[in-house]
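Before I ask anything, let me first share the structure, which is written out below as structure tokens.
Order of writing sets the labels: A, B, C, D and E. Residues in every chain begin at 1.
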Amino acid sequence: MSALWIALIVLALAAGGYVLGRKRALASVGGNTRHLHSLPSYYGANVAMMAAVPALILLVIWLILQPMVLNRMVAPMIGSVAAGEAGEMSLVMSDVRRVADGLDAAVDQGVLSGAEARDMQSDSTDVRATLSNVGVALGSDVTAETLSAAQRYRALSSTGSLLMTVVVLAVALAGAITATLRTHRDFRARNVVEHGMRVLLIGAACFAILTTLGIVLSLIFNTVKFFNLYPASDYFFGLTWSPSFGGGSSLGILPLLWGTLYISVIALAVAVPIGLFAAIYLSEYATPRIRAFAKPMLEVLAGIPTIVYGLFALLTVGPLLVSVFGEGGFAGVGWMQGGTAVMTAGLVMGIMLIPFVSSLSDDIINAVPQTMRDGSLGLGATKSETVRQVVLPAALPGIVGAILLAASRAIGETMIVVLGAGAAAKLSLNPFEAMTTVTAKIVSQLTGDADFSSPEALVAFALGMTLFVITLGLNIFALWIVRKYREQYE
Amino acid sequence: RDNVQVAGSSTVLPYASIVAEAFGENFDFPTPVVESGGSSAGLARFCEGVGENQIDIANASRAIREREIEACAANGVTDIIEVRIGYDGIVFASDINGPTFAFTPEHWFNALAPMVLVDGAIVENPYTNWSQIDANLPDQDILAFIPGTKHGTREVFEENVLAAGCEATGAHEAMIAAGMDEDAAEDACIAVRTDGLSTDIDGDYTETLARVDANPNGIGVFGLAFYENNTDKLQVATMSGVEPTVDSIATGEYPVSRPLYFYIKKAHIGVIPGLKEYAAFFVSDDMAGAWGPLALYGLVSDPELADTQAMIEAEQTMGDM
Amino acid sequence: MNDMRQIERAVDMKQTKITARGVQVYYGDNHAIKDVSVEIADKTVTAFIGPSGCGKSTFLRCLNRMNDTISICRVEGDILIDNEDIYDPRVDPVQLRAKVGMVFQKPNPFPKSIYDNVAYGPKIHGLARNKAELDEIVEKALRRGAIWDEVKDRLNAPGTGLSGGQQQRLCIARAVATEPEVLLMDEPCSALDPIATAQVEELIDELRQSYSVVIVTHSMQQAARVSQKTAFFHLGNLVEYGETGEIFTNPEDPRTESYITGRIG
Amino acid sequence: MNDMRQIERAVDMKQTKITARGVQVYYGDNHAIKDVSVEIADKTVTAFIGPSGCGKSTFLRCLNRMNDTISICRVEGDILIDNEDIYDPRVDPVQLRAKVGMVFQKPNPFPKSIYDNVAYGPKIHGLARNKAELDEIVEKALRRGAIWDEVKDRLNAPGTGLSGGQQQRLCIARAVATEPEVLLMDEPCSALDPIATAQVEELIDELRQSYSVVIVTHSMQQAARVSQKTAFFHLGNLVEYGETGEIFTNPEDPRTESYITGRIG
Amino acid sequence: MTDQTASQPSSKHGSLLAVDARTKKRNAAETRFKAYGIGALLIGLFFLVTLLTAIVSNGSTAFSQTYISLDVTLNAEKLDPNGTGDRDEIAKVTTLGYTQIIAEAVANTMAANEIESPLPAGALPLMVSASAAAQIRDTVLADPSLVGQTVTFNVLASSRVDGYLKGRVTRESLARDRNLGPPHLDIVDQMLDAGVVEKRWNLAFITGADASESRPEQAGIGVSMLGSFFMMLVVLFLSLPIGVAASIYLEEFAPQNKFTDFIEVNISNLAAVPSIVFGILGLAIFIQIMHLPQSAPLVGGLVLTLMTLPTIIISTRASLKSVPPSIRDAALGVGASKMQSVFHHVLPLAMPGILTGTIIGLAQALGETAPLLLIGMVGFIASNYPDGLASGFLDPNSAMPAQIYEWAKRADPAYYERAWGGIIVLLVFLMTMNIIAILLRRRFERRW
């Protein structure tokens, strides 16, 4: 039976358990819910939980472990490479699995009978051709050893699957039955169910950790490879970034970090005041109708694909800035050489970030209790004084969160930078010069033409890792600051 | 899985997509999936291994490198068929309304190198206007949009234009004479000035076009196909007196071009339905021939196409060559 | 009805500070104040009494236009302070509220330090020229709010961490710190113990020397102790208004009588 | 100190419901309750009196572990209800709070309809088998809270749109709807007019038949009227605890005496 | 102000009708403050309008397309030389074999309308889209009996012709074009007069699939819209519950300890991870380890879920934090458990903020391209409609932003208008999604 079906049956058991548990609870008090420890639905949920959760966990673990165990059992059958390296062994094993899967598919599609698949000999049949017919890709012709290993693998795995079906369903049933038996007026069903929910909540929170782990793992190997090819000191302290195909690239991260920082700061300098003032206006001054209209409108800014912003920067904002700050421009300063500049990208990115600040802040500000405002207005404060001195401080933690989110977004943005800021990695103070950011370079090195095991391509992983570590540091710092600040306050 | 999966170069993508579309129309096989993402990323995925979950073909705008072949082999991807589909002509084009240019590699070297040879001495590049380099060139400020270092085109540009120009102007010799060793001189030849007169473009040709649009003084580096689709905005420059066309590139008269490839996992042939048929269809005369839709779109067809066809028929892998 | 009595009495020598004429208040469809006319004298304490929900707070909030903040609330009729219509479009509610201070029914300290809570009003009105002066104002206000001794050691602690009664006194201190001419107090002693109540009542008495005070209270004793005039509200109507002594000893309206002779809180 | 007296009196026949032994409460460094021991009898009304900020609310919140929600708050000592230590790790605070209801000092209705405010408790405790039963429970609770007549026509209006006193009575109704065994009331009548106060006092008297009621009040009269036992707190100490009559007529501690002979609120 | 006692000795505050100097100043500050607010809002809206105008003016032309109606003689000698009438026989003629037939059809149509041209017959099919061959071939294969007859087809004009009618292509620019020349345009002009050529509303753009580089006139965004739709389903159903659950744990239940801090820092850090890194992660975990299929909306959705989670968590936590504690107290006080107080009272009150986070998070996910690049959803992918729920999640597909990104890179300028047109469709899609959330948000919004 397929895992999906088992899961569905378990869920059906759980649903039945819910009804049963609820009924039994009510029966134990003759229908008078007052004498139950918890609401009847909690008893039902308890039975459902006990039926489904252990069984499903077991199912998942089984599905993960079974192939490993089978590998272990089948591996000795392959004599030829047994002494060889682990990598080679795993390759052969994956071939064995593929053949086994192919045999399954062939039986399913009626190309082979069950007996044929079991007894097939590699010398008498062209296994590869047979399997090709059912669309299973094999790297080479199948050896006798592989075939017999695959056949054994099939046999074992079908036994395993049968065993899995039996055990999982038994666990589900056992869970349902124990829980049902335990269902009694004094049983603390709510506590048990809530405990279960709490575990779920913790699990959800741990997703962040798993993701982080995943990111680190998917970056770390290539990062290490990169540092084997390229000296770490040059990477961390190098002042030039100029990859080249023929080798001899300079891959210093500092200009990229500088560009990232510079562009983000400008973007925030645009987005934070505009977003915050817009949020204040919307939540404190605007009529409900204006608010109902303007807030979602601003949110559209967050949904416009970044490539549009990129084009906007390249085609509209850049030339506009040049006509002001370029040579012979209105400002007559001649600071700007070309349309692509830190300023261009920063401004446009700032526009994109407006709704991040405005919408989130608006919600937070709106949530400050009216009595706070009344207190201040009652003292003869103007609305703006009330906002600045009472409402904003009360809403500060949430607003800081919104700004941090916007900052994060600014650091991670690519498209606008590529089109708006240019590809030049420079360490310069002039905001009207072209620069680039870490993320833009991650994308370009990863999708470029460089040889994928050369430092020029692998540096993308190192850049990702570095940025990750730096933002982690910044976040720890931010948390520390917020804590410290809060202690003074409460 | 019943469809062919292809990934890799965005330069090859247009051709691959034309072939895939026609393949889907004319064969009973499903239309292949052609992903872009860059030659490097495509080859990296290509080398992940053999199997249903792995791509069958990697497109590349350069030849696979030795190190990559090793990485492939380490993952069990050993039998690789290399298919050269034709050439990508690289052209220099400027705003349609501006003056006409006739370049030589020397012009470009003198325009872009940080150090050039002036009156027998290697000095910091003094040129800011094309007419200072050669009186025959129009009186226009130097402003170049060249491919960024992520692009393979950059390598071709460096070798066939800058290095050639360096050699031709005598700067290379002068550098050696000034005490540089061979490597350093080569590096110096292909270096690009950083004072803003030359801009690296990490994006695509559309970005280069947008920049030329915004700066009528700008001269951009494009693919031939891209230029041919945008003749309303761009005019092309000749190089060493040769106008870039499909023919002049095919005969090798026009110097700046690069070959385009795709790579097939032999292990997948016969297993993934339609794989071999797709590859054969790609290089068939109907598609990749001198009058096929690919050439019409701008691919410079390979004079040795027949060899390639035979190679696919025989499933000849790289090692067999 | 009260015009006649006013002429008879000595207190009436005092100028009229607030005049309300035919005031109607609606919350949406709910008619909360029905045609109330009243004259509140300067340098007097006026008490509003009446059963819960009769509209005392609502009427009080009309007097400094705090009702403006409730969108569904609509006010009709005239309210004049110093003979100026406070609902005149030229009137700036901010200036009005500086002149007419308010202590709310539910204590609502700002989530700031105790010091900042009190200093807030003086700061925005520019009552202090420097920090020392501000310190002085804060201390004086906290003393008048009868809370100085309890908080003098933790002026930087947040105002929200105080006990209920402390919060209420903090709000009183906050209101008096801005030195309004009229002080509206909505049940200022409801959460206070007798001693604190006595101190607040003393404060009210002191304020009466220079200001006009309107106080909402449920305690008849308190009304009798601190006020010179009392208004009795019932179901949104002003049933009776007059000298406090008169109202308590000799009410005209049967409803007033039944209310004050009910059990005393 | 109170042990001896307990033996002498008739009321003491009643079982002890709540026993507190050596309770200490800290808010961070602030020692808010200092070594308080007290026994609260079943079917009795116990009043906590004392100046503002002396720790009445704090101690009250200890009795149903509402202090758990204040992170900086630390409780030491033993509190037993029906001889079970409520701070025992095995005790489920939720069950405890269902048994020990609470009316807060500041009225805090849910931002839901009036009906839902009251129906919430019965719903989560499964007290009603169907809608009709629930309606009945809600009506009964609102009647007991002396607010039924005012809100019966707008049960679906939001609870937050009520007047201060109405909100307080709504919260009382909400608390009694779950039929707790012990009811803790923190100044339940502070915002109420005399008539409503009288109704709530009647309710308290009625509840005493079956439950134990603890009430915090600033009104000596109220304490005298409704309670059988009175505890006087001062600066976090339980100064005196005993028969209400005794405390008011013949206080042992000079602090108690000076407090109750101060001016009466 | 205290020292301004002038007119009325009884009132130290002065007349209410005359605004005093300090109040004037404060009111000016107030007006300024409000003006900043309006200004900020207007700036935001101005940018929005600018962007929308640019998008609409560039993209609206994608919604109409030029068609040519051709009388095609399905020459039996070419299509079925042996006269078998067998479908398989006829199928041997590839689309390339139809070029001649189309050339004849164009010539015939011209003759019928008395249009003369110096062009050789071989150059005529260039005016017709390459898709015409496939269209005719498919019709023939569906009904082999048509062979030998003359059938009227409405075929797409080539992108150059279409561009000419839309004003994008001029005679001068065509002079250098290898594909089409001014003589073709003369023909088109006359065909236009004859009513053979017509510009029509282009539904196929909204419903169609991607086309190759050589035939932009055929490309549509429909299939990738479905791809986006399935991805958004995954994102919504995973990131919203997980995000809200995580926030609830952190904000309401988590004890103050190192572990909680660790989670918290991780979450805010994930918000700053560049989206392409999520692509690397997705490639490694979902495709290489979990063996999910390439280019599948399911994988795209999973990757975008991981990317959106931090946004939702951060905004949800902020709004949970802003629910006043007295509400929690009230619930606990009537004997609700912590869990009940959160789910019954706190969560509904925090809903507006949660929905805002969801809107912003989904908007971000909907417009994101970079991570899709690595899991194979960018390129030439969409060719078929998914034929069911499972295939919608698992079959190779692209997504709207990826499609737009691809189009924007393509050489033919006809793709430029399609890229902008695609953005219009994307925005309409986004707004539909938002409106639902906004209506929900309105229901939950209240002040207390």
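By our rule, contacts are C-beta pairs under 8 Å (C-beta built on N, C-alpha and C of every residue); 3 or more make two chains touch, one makes a residue touch a chain.
Labels paired with UniProt names: A = Phosphate transport system permease protein; C, D = Phosphate import ATP-binding protein PstB; E = Phosphate transport system permease protein PstA.
Only a predicted model underlies this, so the values are computations on that prediction, with no experimental measurement involved.
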For chain B, the least number of touch steps when starting out from chain A: 1
Labels of chains that are neighbours to chain C and to chain E: A, D
Per Cα centroids, the chain farthest from chain A: C
Result of counting contacting C-beta pairs for A-C and B-E, higher pair: B-E
Identifier of the chain whose CA centre is least distant from the whole-structure CA centre: A
Of all other chains, the one whose Cα centre sits farthest from chain D: B
Averaged-CA centre spacing for the pair chain E and chain A, given as whole angstrom: 21
Chain centre separation in whole Å, for chain D relative to chain A (CA means): 49
Separation of mean Cα positions, chain D and chain C [Å, integer]: 29
Centre distance in Å when chain B and chain D are each reduced to the mean of their C-alpha atoms: 84
Residue numbers of chain C (touch at least two other chains): 94-96, 98-99, 106, 124-125, 161
Two or more partner chains touched - positions in chain E: 26-27, 30, 283, 337-338, 349, 373-374, 408, 448
Multi-partner residues of chain A (each touching 2 or more other chains): 190, 311, 369-370, 382, 385, 446-447
Touching pairs - complete list by chain label: A-B, A-C, A-D, A-E, B-E, C-D, C-E, D-E
Complex contacts: residues of chain A adjacent to chain D: 31-34, 36-40, 188, 190-191
Complex interface listing, chain E residues touching chain C: 1-2, 8, 10-13, 15-17, 19-20, 22-23, 26-27, 30
Parts of chain D lying in touch with chain C, wherever the complex brings them together: 27, 49-53, 57-58, 105-107, 150, 161-166, 169, 186-187, 189-198, 218-222, 259, 262-265
Footprint of chain A on chain B - complex, ascending: 1-2, 9-10, 37-41, 43-44, 47, 49-52, 60-62, 65, 67-68, 70-71, 74, 76, 148-155, 158, 183, 187, 190, 194, 196, 199-203, 207, 210-211, 213-215, 267-268, 270-273
Contact footprint of chain E on chain A as seen in their complex: 190, 194, 197-198, 200-209, 211-212, 214-215, 217-219, 273-278, 280-282, 284-286, 292, 294-309, 311-312, 316, 351, 354-356, 358-360, 362-364, 366-370, 382-385, 387-388, 395, 397-398, 401-402, 404-405, 407-409, 411-415, 438-439, 442-443, 446-447, 461, 464, 467-468, 471-472, 474-476, 478-479
